[in-house]
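The structures considered in this document are given below.
Same chain, two partners: chain A is paired with chain B first, then with chain C.
So, the complex of A and B:
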């Protein structure tokens, strides 16, 4: 009995200290550690590319720490894409039409890739690899959905799908074009992107006029039939 | 109420499964109100020619459905939820159903309303039950439930209007209403998922 009580006491204190330790410090920094590594990885991106080892090293961790990311480089790339998509909300839009807003937002997003320099090509090839394709398509969808939302799109039917689908294709094509573009300020990429966007809006306008024409003629035919039967 | 409902759908503290359920709710309700909107559009179009006396009544119900439809359209856009893939199909089917039953006559049109509103009212009730069971009791969810229950009450009012206007005298009543009810159930099944 005499022996048991101090032992009991120590166990309790250890538990109590563990608990306070866990809530006050570790749990928070432990939860944030992956994020810290990714943030540092983004800072080092222009020099070291998508590799995560330099980031863990500069945080004073061993290279092994990068293994908490099962997809390695691709996890950093995904984090980068999420951040870039979120940044679009702060772009100051000057256009009044949705099409103009879309153009501005796509340009802003493409020009943000400029800081990647030689690592853009690696990013594009990772995004296109079959292993990561489901994830990259999800990121691409989030990006174009954000762009159409910020541009004030109010599609409630098939246009919701066609607009997102075609913008995704245009964006992906422009980004691939960008990897081989050496023109100052990526002038060629932006004009390539504009050509695709113009072609798309011409197509959408044509499709709208055709359906308008059908609607008008259906009503006209009905009225002719009505006047003939009375 | 609309602002709060949008906040409820965009609530960041929801679990993924809860958010998924809300997406389903908004998608199917938007498709359903679109269908109702187009059914009354078709009926109104026909009755304006054949039974002008009935047109104002249809117009009144149609206006309520337009309001419901616009509300869910706004929630769908602001809540970042994809609309149903079959939206063009719902449009054509609903317009066809509205015009077809109106061409059969007043009783058939009212039987159509009765069948549709019975299924829709029951479906709204299922949603309300689950929304009150599995979601927090915060202001925004209370408001979302209030919005849906208000719409359900409108639909049930249409149901009563239809019965008062001889819906039960439609021939063949059973065949017509059961076929439409099953069509609605199938459409709900598809619109929730795709």
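So, the complex of A and C:
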């Protein structure tokens, strides 16, 4: 059941242990207070959204405590995204092909957004804002990288980039679609996502045939040219 | 757990004795601890009247940008559904941070209730703040003015500020002048409520070696000269420059904040203008 520890997850644990070293060993406080605030923020997320004040208040802290997070709400959102990406490792995959696994994982990740309710829209607009775009893209990259890894993709040729780029676009588009989806269990979002994935694999197949054709003709043309100059 | 505490106390004691034994430094001079307070007081009494004017001249106005960024970063003000807050501005003499905090709270959070204490060890500097506030809507006869109080206090003691009473402790370009910085930090920890934030804006170390060279040339040659030319006081500005150079670097100071019992988020500081100044923050955990 335990898959070979995913790259992303390993990196994260190393970071986490570094951080706990920095605080727990060198400060009188035994708990990592910023992390505690973020964890509480996640618990209160369905009720209070991305605001940090309810979290600090419920921990018995001054409202001012939230100001140690330089990006406020967005810091909670980033924390949420990291956790959601890490959670994908525990999805039980049924498909045998990498493409099928990718589809299952993307669906699982999209459906995890359901608990956000009305706050998904706010999250998407924060992610799109120019100020946070570099961080958003990093989170998105981590997500699709993890998905490909978990789907068992070991390719390391030039399509490494296109596969991640395309999946990132499909995921981001589906997530935006989701903010306006009222269908039960986000049926429309999932079918939107599937259409994009299918279109993409058709495109990939088509692209492959086209480039094969060009390659064949280029070689043929070269040979013809060579025979003519003889 | 106990061992860990002992270790961190020991570490802070070592640091403490290294930096502040019975003697301390006043700029590059080594002086008796009792003397430093007097000497610093002398410097600030000398510069009080021209303090902000000189800051403008020395930093080409950049200190205003730093201060604006400092206040918007700590984002002070009453939150919806929350209580009014208590702000404490230490070494707040001329009141420019305090004024920015009150304005930010009003504009960003519609907060017209939170209280502000402006404290300074130096009555002359505090006098400048009182004078300045008289020309604002926070003047002493207004309703808004009742929210503001001025106290002459030693930041290492703060005998008029009760334990666990403040939400925000700010100190801007002040802490490097304190005789005993670890003691001031633990006093900050004492007066803050759990979740209360310690925020410090202070000169720091330029990280890029090339820029550091330029900066040190500028600060050691130009600033005392400006002091001489503009306000006729070379020695006070010589002290300012030396005290900036003696102040611990970003990492060391962040560690001192943690040793005083604060929790920091990540590294606990942000560099401004290549590290010429830095903002350090810490939050007091539940005790």
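In the analysis below, the second predicted complex is superposed on the first by the 178 of 230 C-alpha atoms of A that agree within 3 Å, B and C clash if a C-alpha of one lies under 4 Å from a C-alpha of the other, contacts with A are read in each partner's own complex, and residues count from 1 in each chain.
Throughout what follows, a contact is a pair of C-beta atoms (placed from the backbone, for glycine too) under 8 Å apart; a residue touches a chain by one contact, two chains touch by 3 or more.
Please read all numbers here as calculations on a predicted model, not as lab measurements.
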| item | value |
| --- | --- |
| First (chain B), second (chain C), both or neither touched by A:129 | neither |
| Superposed model, chain A: greater residue contact from chain B or chain C | C |
| Contacts of A:57 with chain B and chain C, given as first, second, both or neither | second |
| First, second, both or neither for A:70, with chain B first and chain C second | second |
| Partner chain in contact with A:191 - chain B first, chain C second, else both or neither | neither |
| Touching partner for A:226 - first (chain B), second (chain C), both, neither | first |
| Shared chain A surface residues [contacts with chain B and with chain C] | none |
| Touch list for chain B against partner chain A, complex | 30, 34, 49, 73, 76-77, 80, 82-83, 85, 87-88, 91 |
| Of chain A, residues touching chain C in the complex | 19, 23-34, 53-54, 56-57, 59-70, 72 |
| Chain A - residues contacting chain B, complex | 145, 149, 153-158, 160-161, 226 |
| List of chain C residues in touch with chain A within their complex | 1, 4-5, 8-9, 11, 73-76, 78-83, 85, 167-168, 192-197, 199, 255, 258-259, 261-266, 270, 281-283, 285-286 |
